[in-house]
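Letters A, B, C, D and E mark the chains in the order given here, with residues in each chain numbered from 1 onward.
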């Protein structure tokens, strides 16, 4: 099995496991874990795309000229993607905290049901957007 | 308004181009003015006078058209998105414009009298009436397919606005109408876009070139889209359910206008697109495979069915307005049938029937509104014996139903005679039989109408009723009078329809003041009416002069069935008016189309719930996954398949 | 080289499966940190030191800690005061 | 070769203002709001100047950091991009939160949304577009949750998960494109695409990008977040998201379609999703009970119509799409403002026309325009769409038929609601009377609609020229690759 | 579709997706990346930017705007999280004092983390690492003491100031080059000789700004989201 096949398999494996966690799991935090896994999978794929056999890392060693190097562009992209992933994760966790305080549960279907109940309950001219934490 | 004078007259001096612009400008000013003026009672009279002026302008335009001018151009034209929109009035448009403004004139006159003062928002109704007239004039004077469609939408939405004035049930009926009208409009929109796809332009000439350039399948699609789109407004058979409730719920004067003219806009558009531009031969050549029928004959059969079935539904109605509106749908069938026969006699008959129908339907509706104004209800089971209290309304209704039934001396007879003759000459015996059946149904139902309202025993609560005020009786009588005059001298009406027929193309119908002289038989109403009046008149005179020994007999000074009548016995027979007939044709009323309409409604509801359920499900990322897989398969296969 | 990459990818996938399978959420977060660590080692092997450092610092380090602390705040730590984790 | 370094202003000014706003907000309570509004005004002026330059001298481009096209990132501004940047600026100005929020949170997010949205439309680099898309996405998560209601947090979390998964798919699409073509610059890709991206990898890459960017563009399967978010987010955020931001995402998809993936399978994919979107949106809206969810579904349908328009190859389709997008951007926010005032089941709103006749009249005007009744601009937009659809292959005839049927269903449920306003008796508290001040943006938009009614010809000509410019791939490639110094 | 039906459907689609992705990736050659742009950058980077670490050259030079976008995303995420959690009550487990080990080690670790973070930030253009990695370590450096002693709340005011001004500095450096009518983010200052600390023109300045911003932002974010400190 060449390194390419292994890496691609690893990337797609991570991606699929992450997708399973995001789609099939009912607990919101497990969905978020799945999201992190999906992002890791895609990052690995990006780096694997830029890899070249027996090429050096894209750092010039003290003034000597650049030998055969790995493609640096995907690495820059992955760096950005990792930080984006962390930003989204932080916001997601903040929302999880507030959802937990508001609804007391983190089960996706429960949250969806409670949200629908709350929307139907907001009758004509009922409380405006400021429905408050516990409505 | 008489057009007897054929000699060239003073119209050369007037710059023709400004006639149509004056007409449109005046209509627009009137509509906006009435919206601003609002509820002043003089607003109604002002509108009536302005309609009169517009009639005069139309008369001058008629003179010009009569002397061979092809169409009256207008200065108003726009160039939008690479398409230019123009407006011009040709003979066909002029004919329908005459009817529109005429009907508006009488409706507005009727509405500005005492009846108007009792309405909640009469000012708004006058304004909406003016808006309707403006929209119809724009439609009738459209110069190309795009302005035709724009005029078409404006007319259907103006009609929707005027229908909602009736309050609760009227809004529901108007809503139902709006859905039909919108569906029809979208069909027309698709059709004109199809034409533009083939020829790249949207002028009337492009439609003609498109017809020849298209494959038969495309021409069939075009025909069906146009026929269905315009048929909805004309309430042709499968799309007719909305018209009766919508037109009867509208307040009195406006509903007279709607009944008389609004449905005929569909006929105008059908004639313009299918008869004038596409041509009856082209329609005739569109054969339906494996049958002897062609597109033209199919449409004729739809018109025939639309003639018969609504008339017998009208028979069963117990509300006067519903009865009349159902007849409106039926009469539409006559007109279309006449035009589609293809001979000059048929076309003239069809067009004249449009004119006649406008006069007697408006008169009938104004009469029924007068009854409602006085007696408070139009339910045939609640009325009776009003002849003694409202004689002039009775006379109007009588003349109206004679016209509606198509009997001499009224004008209805002439146009029906011409349609029958053209069907006979055109070799369509089956359609002729259906026409007769429809006329039979009409005669039965109109007798029910006049009997239940005016004849029979006067109810106790109607003892004190007075005749409708002059402002209501006068317009009715004039309309009925026009019916009688054009019945007595049909030449007058035929002069008008000549202009329209010349615009449609095809040969003209030689006619004289009294009627028509053809190789296969002629009709001279002067003689027919003369003899009729002469004989009846002489007989009545003799009885009146000689007899003279009559004395008033009170209604209850009577003896029936072995016992004396007293006030509390109600022997006026009106409920279930035709029991025998009902038993015979009862089983035929299966209301299949009503169930079809409800079926579509349920289908949309179920589909809506289905789609909402698709979104209400909690695990939405699954759909993303689903689409990615299907998409990859789709793109993958696409990639492999070159 | 290929053997090493295969080995570490295998470990990574196992840890990923553990994230989904493990009942305890804190254990799942730990497994996620393990995946991130294995991933950063893999990046080193793929001659991407910058990315490896970033993945280690942000992936294993900060997000792992953040997830754990959120679990505590939501009260899902094993033996935590409020409810057990799997409603 | 029009190189304008100032092309970065629509992006840079809002971002720098966003960075400084918390500081401004902290040192003086009300100052945050005013500072934010000032920043939006400055951005609008800069964008207007740039738009004027672009309209005059033709498309401008500028290579960031002075690095030539294939290596660095190049910003490219043509009339289409500048039109939507201006639309975004006006939208943010119009839907700036009302004064009660003293905290600087929503203002920072709005400024970042402004900068990110401008970057999204101006950037000419595939990954850079992804980064700006993420900025817009994260800003909209925050804004959706700024309502403070429990439903708001739940809805924005579910939206975040869906959108983040979509973004990962988009990133995978970018990885496939990079693996196949080796470059990320759109113009470079446009030149390489014919030989490299034709096979299944190219089609798969487009699909992943379409789904990734489709989340915000409310494309069919991935728009399940729409009813939840629009119901719980504050009305100004909803208007911004529904009216303008979703259009930006569609413009990006259009850029991909025109420049990088002009292949039949790509057009077919977008068309299919468009048709499904229209069907789903219209039918679901027909069954919605309250006004807000009705308009949420109907915005899905309208976005589906725009997607159909963009899926028609050639400038005619693009012109129709732009016209529909601009029209929807004016009508939908006004609808949402009305829905925000008239909450709850439509049946309880009966008699609304009596308590507030002006709003009911505005509702009817907007309904007529969105259905496409002639003199109103909605009709001309739909006319352009049908003109484009009918002049291409029969598959688009089906799409045109679906759009027309959609219009009928739309007319049905909009006028059913209007029937309640005008017809029903004054039942429940229903249409609560409200201060007209709260609906100023709605009436402003209504006025814009009426004014546009008279300016159809010049607007039409401008949009068609914009579309021709956007569809001219060789000129764009030349400008990006050689132009920017 | 409760429970298993749903899981089965997901598994089915996942396997389908996996097969398809594998099929598509087979079409892409592994190990011989086309690298038109990559090779060009590797050749041009030392000349254009003077940085040894080519990834940094790309991140700050060639694709400087990506980095600006990225920093903005972090900033937006932090602002949004702050807003979302602004009204949150302290709910959940009250942050009791950390155990003895963490308490004593925290203050021991702080200087080392600080030095390590600063080194990585400053040598971004020479050695692997840079603003983001260094910033993350700095964030950890500032966050650990908060974990150790929840009593002393994290100083959000200064963090917010540093964050704001560092972000503004990044954009100002980009806009400065606009004055000389170069494009946005054009590196100025001399390149310096390769390998020295003060080489690669304005890139180290950019990375410094990023390092500070990411450091302060992440620390504030971690403190707020984890609710570790007593204060709001």
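Convention: a contact is a pair of C-beta atoms (placed from the backbone, for glycine too) under 8 Å apart; a residue touches a chain by one contact, two chains touch by 3 or more.
Every value quoted in this text rests on a predicted model; they were computed, and no experiment measured them.
Asks: Which other chains touch chain C while also touching chain D?
Replies: Touching chain C as well as chain D, we find A, E.
Asks: Among all chains, which one's averaged Cα position is nearest the averaged Cα position of every protein chain shown?
Replies: Smallest offset from the overall C-alpha mean is found for D.
Asks: What whole-Å value do you get for the distance between chain A and chain E if each is reduced to the mean of its CA atoms?
Replies: So the centre of chain A lies 16 Å away from the centre of chain E.
Asks: In whole angstrom, what separates the CA-based centres of chain A and chain B?
Replies: The mean C-alpha positions of chain A and chain B differ by 66 Å.
Asks: Centroid from C-alpha atoms only, then distance chain B to chain C, rounded to Å. What do you get?
Replies: Chain centroid spacing, chain B to chain C, equals 77 Å.
Asks: When you check chain C against every other chain, which residues touch at least two of them?
Replies: 49-50, 54, 58, 62, 66, 70, 73-74
Asks: Where in chain D do residues touch two or more other chains at once?
Replies: 127, 131, 134, 138, 141-142, 145, 148, 153, 158, 161, 165, 179, 184, 199-200, 204
Asks: Show the residues in chain E shared as contacts by 2 or more other chains, in ascending order.
Replies: Within chain E, the residues that touch at least two other chains are 6, 10, 14, 17, 20-21, 23-24, 28, 33, 35, 37-38, 41, 53, 55, 63, 66, 69-70, 73, 76-77, 80, 84, 87, 91-92, 128, 132, 218, 222, 225, 227.
Asks: Please list, in label order, each pair of chains that touches.
Replies: In this structure, the chains touch in these pairs: A-B, A-C, A-D, A-E, B-D, B-E, C-E, D-E.
Asks: Using the touch definition up top, name the residues of chain E that touch chain D in the complex.
Replies: The touching residues are 20, 23-24, 27-28, 33-38, 40-41, 44, 48, 61-66, 68-70, 72-73, 75-77, 79-80, 82-84, 86-87, 157, 160-161, 163-165, 167-168, 171-172, 174-175, 177-178, 181-187.
Asks: Hey, which residues of chain C end up touching chain E in the complex?
Replies: Those residues of chain C that touch chain E are 49-50, 52-54, 57-58, 61-62, 65-66, 69-70, 72-75, 77, 80-82.
Asks: Which residues of chain B touch chain A in the complex?
Replies: Chain B residues touching chain A: 616, 618-619, 621-622, 625.
Asks: Help me check something: in the complex, which residues belonging to chain A touch chain C?
Replies: Residue positions touching the partner: 1-3, 6-7, 9-10, 13-14, 17-18, 20-21, 25, 27, 29-30, 32-34, 36-37, 40, 43-44, 47-48, 50-51, 55-59, 70, 75, 78-79, 82-83, 85-86, 89-90, 93, 96-97, 100, 105-107, 110.
Asks: Which of the residues in chain D end up touching chain B in this complex?
Replies: Residues 158, 161-162, 165-166, 169, 198-200, 202-204, 206-208, 210-211, 215, 220-222, 224-225, 227, 264-265, 268-269, 273, 279-280, 283-288, 368, 371, 373-375, 379-380, 383-384, 386-387, 389-391, 400-401, 404-405, 407-409, 411-412, 415-416, 419, 422-423, 456-457, 460, 464 of chain D touch chain B in their complex.
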